[in-house]
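Chain lettering (A, B and C) follows the sequence in which the chains are written, and residue indices restart at 1 in each chain.
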Amino acid sequence: MTRPSSEAEYLARMVPPSVRGVDRRTLLRGALGVGTLLGAGGLAACSSDSTGSTGVPTGAVTGTVTVGSNQSDAVPKAAVQSYMDAFSKANPGTTVKINTVDHNSFQENINNYLQGSPDDVFTWFAGYRMQFFAEKGLVGDISDVWKNITGMPDALKKASTAADGKQYFVPITNYPWAVFYRKSVFQEKGYEVPKTLDDLNALGAQMKKDGLAPIAFGDKDGWPAMGTFDQINLRVNGYDFHVSLMAGKEAWTDPKVKKVFDTWAGILPLHQADSLGRTWQEAAQSLQQKKSGMYVLGSFLAQQFSKGAEQDDLDFFTFPEIDSTIGTDAIEAPIDGYMMSAKPKNEGAAKKLLKYISEPEAQLLALKADPSVIATNQTADTSGYTALQKKSLEYVKSAKSIAQFMDRDTRPDFASTVMIPAIQSFIKNPKDIDGLLTSIEAQKKSIFGS
Amino acid sequence: MSVTVDPVEERSQALLKPREGGPQSGRRWLLPVMLTLISLIWLFPLLLALVNSFRDYAFTAKNGYVSWGGFTFDNYTNAWQQADFGLHFMNSAIITIPAVILTLFLSCCVAFVVARFSYRFNLALLGFFLAANLLPPQALLIPVYRMFRAIEVPLWISDSGTLLNSFVGLILVNMAFQIGFCAFVLSNYMKALPKELYESAVIDGASVSRQFFQITLPLCRPALAALAVLQTTWIYNEFFWATVLLQQGDKFPVTSSLNNLRGQFFTDNNLVAAGSMIVAIPTLVIFFVLQRHFVAGLTLGATKG
Amino acid sequence: MASKRKYRGIDQLSTRDKVVVSFMVIVPTLIVLWLVWLPAIGSVLLSFTNWDGIGPLSGIKSVGLQNYRDIATIYPPFWPAIQHNLIWLAVMFLVATPLGMLFAVLVDRGVAGTRFYQTSIYLPVVLSLALIGFIWQLIYSRDQGLINAITGGTTDWYGDPNVNLWAALVAASWRHAGYIMLLYLAGLKGVDPSLREAAKIDGASESQTFFKVVFPVMRPINIIVLVVTFIESLRAFDLVWVINKGRNGLELISTLVTQNVVGEASRIGFGSALATIMLLISSVLVFVYLRIAMKED
């Protein structure tokens, strides 16, 4: 523990850690108020100290804090600007400088970005991708920020923790993957939400008779089909095996993995044909045009539908149960958030900003840009949520385990250079599963083994 | 007294005169018709995109692209506002214009020496430049990134203190990659110039630089114009180097603005098409401006049999 | 003016001229050496490692020829990529380049409206990748594309690996022809008109004039066009990348390099091995060109 550098900090530390969330916050705020009365000048001088781990400053912070953002299209960009502005207002003397890089380029160049001169704080995702950077020392430890964070479910804290037990990530929004459908179509044709694999097959047969493609499918870009694999694996083998497989600790030639592909091959006829030439958007349009019945995708699917009646017509159910001993309590809900670079120029303000991002105020401003995602902080006011958002929130809350999606849960080189082509070749030829798995395993050994 | 006849002028005059012995009369119409047909076929895909860039996405999502209706100018106004074209066009200009000029100039220098003089290293040099053009730039991204990060330069050259995240670095890299191709092409065009052209100049005591600027360069006008168009197009549309070597979004060239029109997941394709049309305008302008130089120039085969 | 200088033969240079010539050669050479060849050597060296692009250079470990062995044996897209590059080369060489040359010859005739024809054929070269992707998506999309809408078929032009390479080649030829037309036209414009006039007087027809008089004289340009075709086929990348990042039947060596090196995948060592293979194949081309050029001199 470092020596308290101000009256306010000293007072704040008097509060024992066992005191529950809200009370402690009001106490801290009170201490802050006392602190500013006592000696704002002195506080200002020492809080912009950026060397070493000074912890989250409870006093005022000043100076410029830089933020690297991948929210480059118009509406999200404005949303980011709005909550960064709100932060500046709440912390007079601080300016936030946002460096926006278009989404694709930001992600593709993350390695170069972090090794060049990264901004103090930047947008990123939870999962293996986050842990990888922590391991390589490219991002900063923000466990001290987490000590003061309230309202975050444990599952999300776990997702923000790296292998060394420290936290490196602050979540802002997340969104679930599930099976989406249009309520009007189900009502019209009298379909019922399938609870088991058999139900799904029966429903699919019925939809085919009615002239609908049962499951929309578009894997031209390679990543959407990973979602289907994950869902089936979670249902057939459970969360623990899935995570282990993603971490490279299981053999892909294991009969458990073969079972996943066999199951998939069983329901593949229900999927839209010729999926390798179709983008997810075109598949979503088939759902929109009522040409297909269901779609396994993330809730960002709602962005394709027009606001109002069309979006309200969208609903989802969890991927059906396949093994009754495993059930359906594992889901996929990728988490987006922010991290701090390893050597920020203004560590104090950066950490304060990260704390701010974990709070409902910032998160609700972020949601203005994209109502297909939900806030991660559980104390956020959900009265403004759409029906879909409310259902997503319930869905995420009631899940026992949350996976992040294949390309965030496993090594990115394995996901993009091995899994994408492998899954595409499975879709083309679902008969040679053994050959495929042997090929994946050989490549996996050469990547993970290194 | 052959010095007084400007070879450039002579050629220009010859080519401006209508070609004699044109298409046999009676079938005069065949060529223009064929060419019009070809042009229309070539333009068709672009026209398709152009038409659709004026259509609302909600409409085409509902009715598909093979339909009629939903026309609007909104895509263009939205694209202009959202993609921040002003800033990025300026960035592209800062990168492209010096890169093209320097590339062409340096390539001409090398091509001239190789074509004009018969040194033993000529072929090796040509091979050196030609092979440089064959490498996929993507393979060299990381080594160059590392190198630039390590090279320190004064702040007036780059505000980051190193060649990384600087326009100078990006210009140099583009130049390096294009010089190979241009040197190779230009050396072949210049080799076609007969030595006799230079004889009179040398007798008069012209230095190498005078020969270069007054004889060689003017005669290479069509080749230079063609290369200028190609280089501008390539460097302007180039994307990978910019994203690797620049780290700040507001320094990215205009190719990146198009990406700003895409969402993380959802993309309004019609909007991106409108943006792409806007982005294509400078290269089209360059092409039109330089088109008139696809005339006078070389004396290919003049003294050969 | 005036000659303090004695005429000593066309290639004799004064000292000052020697300095100028040296600069003219050295400056470009240094730039290319520094920014192309040095990184290329670095790339070749990296191909013997399994580096992931992160961390100090001192931390790089060597794995010998492992990358190359993996590429040849367990990396599924490699051999298809080689095959596709060869097909690409064949189509460019037999269809797209001759087409471009033909267009150049036709446009060179100078009939009214030649500017329009030139522009239309050259336009595809000028457009950015995003636009090209959109254009051909409008035409080839299985659900919403023009071709399927008109023919009523359901061919998966982009998704069916037996078909998509040819679909991409049509789009690539559309672009390549304009590019070749430009280069060839510049050359045609430089052909001495008196040659054609002489042929005319001798009673040659248009095509005879072209094949017997103009074509031989254009030899250096013909060689450029050939070399350019080879280069473009080996380096073919843009179109295929924008369609589907080079997967599922559209694998090309350059896309494999990019997939591994660019982006989060960051398999720098592995990608460099692929690039080195590409470099080796390309150097064969360079040797061949140099042999031809040597024979001339």
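Simple rule for what comes next: a contact is a pair of C-beta atoms (placed from the backbone, for glycine too) under 8 Å apart; a residue touches a chain by one contact, two chains touch by 3 or more.
All values derive from a computational prediction rather than experimental measurement.
**Q** Looking at C-alpha means, what's the farthest chain from chain B?
**A** Farthest chain from chain B, going by C-alpha centroids: A.
**Q** Between A-C and A-B, which chain pair is linked by more C-beta pairs in contact?
**A** Of the two interfaces, A-C and A-B, more C-beta pairs touch across A-C.
**Q** Please tell me the distance, in whole Å, between the geometric centres of chain B and chain C computed from their C-alpha atoms.
**A** 14
**Q** So the centre of each chain is just the mean of its C-alpha atoms; given that, what is the distance between chain A and chain C in Å?
**A** The computed centroid separation for chain A versus chain C comes out at 41 Å.
**Q** Any idea how many Å lie between the Cα centroids of chain A and chain B?
**A** 42
**Q** For chain B, jot down the residues that touch at least 2 other chains.
**A** Correct list: 142, 244.
**Q** Which residues does chain A have that touch at least 2 chains other than itself?
**A** Residue numbers touching two or more other chains: 108-109, 112, 115, 285.
**Q** Mind pulling the chain C residues that touch 2 or more other chains?
**A** 53, 141, 143-144, 262
**Q** How about chain A: which of its residues touch chain C in the complex?
**A** Answer in residue numbers: 107-112, 115, 129, 136, 138, 220-222, 274-278, 282, 285-286, 412-413, 416-417, 420-422, 424-425, 428, 439, 442-443, 446-447, 450.
**Q** Okay, in this complex, where on chain B does chain C touch?
**A** 11, 14-15, 18-23, 31-32, 34-36, 38-40, 42-43, 45-46, 48-49, 52, 64-66, 106-107, 109-110, 112-113, 117-118, 123, 125-136, 138-144, 146-147, 172-173, 175-177, 179-181, 183-185, 188-189, 191-192, 195, 198-199, 202-205, 207-209, 212, 219, 222-223, 225-226, 229-230, 233, 237, 239-240, 244, 255, 258, 269, 272-273, 275-277, 279-280, 283-284, 287-288, 291, 294-302, 304
**Q** Can you name the residues of chain C that touch chain A in the complex?
**A** My answer: residues 50, 52-55, 63, 66, 70, 74-77, 140-144, 154, 156-161, 164, 244-245, 247-248, 259-260, 262-267.
**Q** Per the contact definition, I'd like the list of chain B residues that touch chain A in the complex.
**A** Contacts found on chain B: 58, 61-62, 78, 81-82, 142, 145, 149, 160, 164-165, 243-244, 247-250, 252, 256, 259-267.
**Q** Across the complex, what residues on chain C touch chain B?
**A** That would be residues 1-5, 7, 10-11, 13-14, 16-17, 20-21, 23-25, 27-29, 31-32, 34-40, 42-43, 46, 53, 57, 103, 106-107, 109-113, 115-131, 134-139, 141, 143-146, 149-150, 174, 178-179, 182-183, 185-187, 189-197, 200, 206, 217-218, 220-221, 223-224, 227-228, 231, 234-235, 237, 253-254, 257-258, 261-262, 268, 271-272, 274-276, 278-279, 282-283, 285-286, 289-290, 293-294, 297 of chain C.
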